[in-house]
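Common to both upcoming complexes is chain A, partnered first by chain B, then by chain C.
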Partner chain A sequence: MEQRIRNDRPRARAGGLVVRELPEEVLVYDLERHRAICLNHTAALVWKHCDGETSVAEISRRLGAHLRLPVAEDVVWLALDQLARDHLLEGKIARPAAFSGISRRELMRRLGVAAAVALPLVTSVVAPTAAEAASCLPTGAACTAPAECCSGLCPGSPNGTCV
Partner chain B sequence: MRETFLHSYGLLLSATLAGAWRHAPPPVELSEKELTTVAPLLTGSGAAALGWWKLRRTDRRASPSARQLQHAYRFNTLQAALREREIERVFALLSDARIDAVLVKGWAAARLYPEQGLRPFGDMDVCVRPAQFASASRLVGAERRVDLHAGFEKSDERGFDETFERTETVEIGASRVRVLCAEDHLRLLSLHLLRHGAWRPLWLCDVAAAFENRARNFDWTRLLAGDRRRASWVVCALGLAHALVGMRVEDTPVAHEALRLPRWLVPEVLKQWQTPFPARQAPMRHRAPMRKYLRHPSGVFKDLRNRWPNPIEATVLMNASFNELPRLPFQLANCFARTARFISAAGAQTKL
Partner chain C sequence: MEKLDRLGWAAGLAFESYGVRIGVRVNDATILPRLASHFPPGWRALTKPRVERLYSLVVASEGATRRGVKGLNLVYGDINRLARTRQSEDAFDAFESDLQLYVAEAARRRVFVHAGVVGWRGRAVIIAGRSFTGKTTLVAELVRAGATYYSDEYAVLDARGRVHPFPRPLGVRTTDASDTVTGTTRRQQRVAVESLGGRAGARPLVPALVVLSEYRAGARRWRPRTLTAGHGLLALVANTVTIRSRPAEAFAALQAVATRARILSGVRGEAKDLAATILRMVEDHQD
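Then we have the complex of A and B:
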């Protein structure tokens, strides 16, 4: 049965994630879905406060104190929507009717450019091409000398296969 | 200088990566065009995150090319976290089986950067006592990312025991792994760089990070001990790191020698950096395995260019000195030696 949590007291998912905190953002790897996710500073703060005890109103107050900006509950709900979409919250959350249907774009328009920089953002991290620094051939690759193989073994060289 | 940047990818990489391994790297001023040019070179050679590290406090940080580099930095950071878990697991297996294992390059090099996401590492290079290699292979040989080595760097003459005695254990996650002592690690990185022709700029940053992070009690004698030719190779690698990525060698015992590189060497590395991509390096750039040319000998001439060793590789493989003498004889000698090995092996196969 699908777990439902109290709408105004979200809880961050803790299991099956690898989390790395950077100075300006938080990176998360979902071990179940094999997805890499980046939370900007605001989204990370909201996520950090999702302990299942703190209400959305309280999260918004704490966020405001941290960012030194008045933060509307809409902003927290926007973050929760994104966190839920990426399976970073326990159970499902549903916005109360008063806060439903507000998109990031609408919030930006409403809050103005200055406050918009503090809007939460949860994005996917994509793999760069050829990012690894290996200098040798993997197992199964054709090789002409042992030095070419990562294992240092090239049976049958110079017409061998790395093992 | 700036006019030449776009004509030399090598110079562009050199300027971009100067000091990139430091906590507070020197600023880099790149035009949008230069950044667009250098970004794929950084990404393709595994130095994208270092590029981002240099750009992150500049006006260029918001440009699309810089964002690509930032993505690589994020990706590497998470990948490092995942790889660490694998390293812990593999070393726990080896430790349980009482196999003496030492982690080299990859993670061992990355740990010396300000953040591990700055230096990607794919494979796990694990050196084990040659006598335990078979046992280690049975235990972790099937692991996809484990590159098991019987002993240490092939270009070095030191025995396993002598090197193992000086290894140290360092923290990784919740456990510890064994790595080379600082002197042996720097020596291995330097020899590895030259043996592979110095084509990857990241390797020079590895050397620089290891060199500049040395402790006060760094043992210079240990670094340069043993065979004099190999010691001179190590100094040569340090000189390259100074010349190309701004590593600080001044006021060190190697400064005098490191500042006197053969004139052909820096231009040769810059030439390699024109295409710093794995696919452009031997053996990936070979058109076909040599055995194919036994039936179609004409093809070998077309492939000769791809199989021609670069002067740095040829110098190391022919156990020669890095001096002002022309490199052509070493390149030719290396080609002949490889051809002779191939013919001999092919002959043996035919007899069978």
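Then we have the complex of A and C:
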């Protein structure tokens, strides 16, 4: 059964992740989904405070103290949305109606350019397989798609041969 | 494997490359020296034949081809057939391609990123990107401008993010209209770095610059944007061979690169217009 957590006390996922801290960002590798994820400073701070005990209102207050800016709860909910999308939270979260449907763009417009730099941003890429990350296949090599071949031709794919 | 073992093997060799032990056997002893030119750079022969991966190559005899018999060349990696070709050079290319990938995946204490690399004033420039993004062209142009050649295929990183040489001959692509009905096959021609007036580096270098650029014909000025360390690292992840098999090790090496080097991304035009700019950027870069 899927675990549901209290909506206003999010908990960061801990298992199956490789986490590296950069000076202004946090990098995460999801070992289950093979995705690499980059959290900007704000998203990383929100994630750090997701201990299952701290409320969204409290996270927003702590974030404001850290950034020395007033931080609306909207900003935290936006971060939680992005963290949940990339499976970095335990269980599911759902924004209360009062905070639903606010996008990053809308927040940027509302907060202005100066405060927009403090908006959370979570970016991710799918990690390539070894073959995807390597060079193309030469003539005669078995291929599954044209893009794998140096020639761009893989007749008979997905069980083809590069020509 | 037993079926393959029963074929008549005329010669064989075991060698090591980046800590990976490889075996090769052939049905014709005379092709072994030719085949060795397809081994990864820096390989050394082993005295003990215990290997992690065994390649078997069956090359069609010239006599058979002359008599009009359908002579085919076969390449096996362990028990799997990797290629079946009419031209022996195609079989060697298939062997080399698989061998390089295997070594890149299995190398001990090294992380292989699909990228070209040159050295300049004791620092490395990494040109990351997939096939057909113009890596080799840019590497060749940088070498012509005086940079030291490190690789046109892999940036080989250690845990501290230093780049080690992988100086195989540059693989310059040419169109071979005679090979297929479409005339679009792009073959690789091997070019020694010395023929470009350059030389290969030997010592590991700390990277100063990572260039993520794709060639686009007609593109004018190169106006790259500087990526944050995190986004630069994500871009490198997309070109890292061992990211799935050894993510923690790969992340550590990439982090060391991303936090020390400036990472630039953008579409570029002709490589010759870019080389001097890149080298100047390396000189300007401070840790």
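Things worth noting here:
Keep this in mind: the second predicted complex is superposed on the first by the 124 of 163 C-alpha atoms of A that agree within 3 Å, B and C clash if a C-alpha of one lies under 4 Å from a C-alpha of the other, contacts with A are read in each partner's own complex, and residues count from 1 in each chain.
Assume contacts are C-beta pairs under 8 Å (C-beta built on N, C-alpha and C of every residue); 3 or more make two chains touch, one makes a residue touch a chain.
In this text the structure is predicted, and so the values were computed from the model without any measurement.
In the overlay built on the shared chain, the residue A:V125 is in contact with chain B and with chain C. Once the two complexes are overlaid on the shared chain, A:N40 sits against chain C while remaining clear of chain B. Once the two complexes are laid over each other on the shared chain, residue contacts for A:L67 go to neither chain B nor chain C.
Applying the stated touch rule to the two superposed structures, the overlap between the chain B and chain C interfaces on chain A comprises residues 18, 20, 22, 25, 27, 29, 36, 38, 125, 127-131, 133-138, 142, 150-152, 163.
For chain A in complex with chain C, the residues that touch the partner chain are 18, 20, 22-27, 29, 31, 34, 36, 38-40, 123-125, 127-131, 133-142, 150-153, 161, 163.
Chain B makes touch with chain A in their complex at residues 43-46, 48, 68, 71-72, 74-79, 81-82, 85, 106, 115, 117, 119-123, 125, 141, 147-150, 154, 192, 195-196, 200, 202-203, 277-278, 282-284, 286, 289-291, 338, 341-342, 345-346, 349.
For chain C in complex with chain A, the touching residues are 73, 75, 81-87, 90-91, 93-94, 96-98, 100-101, 104-105, 113-114, 131-132, 153, 173, 179-180, 182, 184-188, 228-231, 233-235, 237-245, 247-248, 251-252, 255, 258-259. Chain A meets chain B in the complex at residues 18, 20, 22, 25, 27-29, 36, 38, 125-138, 142-145, 147-148, 150-152, 157-159, 163.
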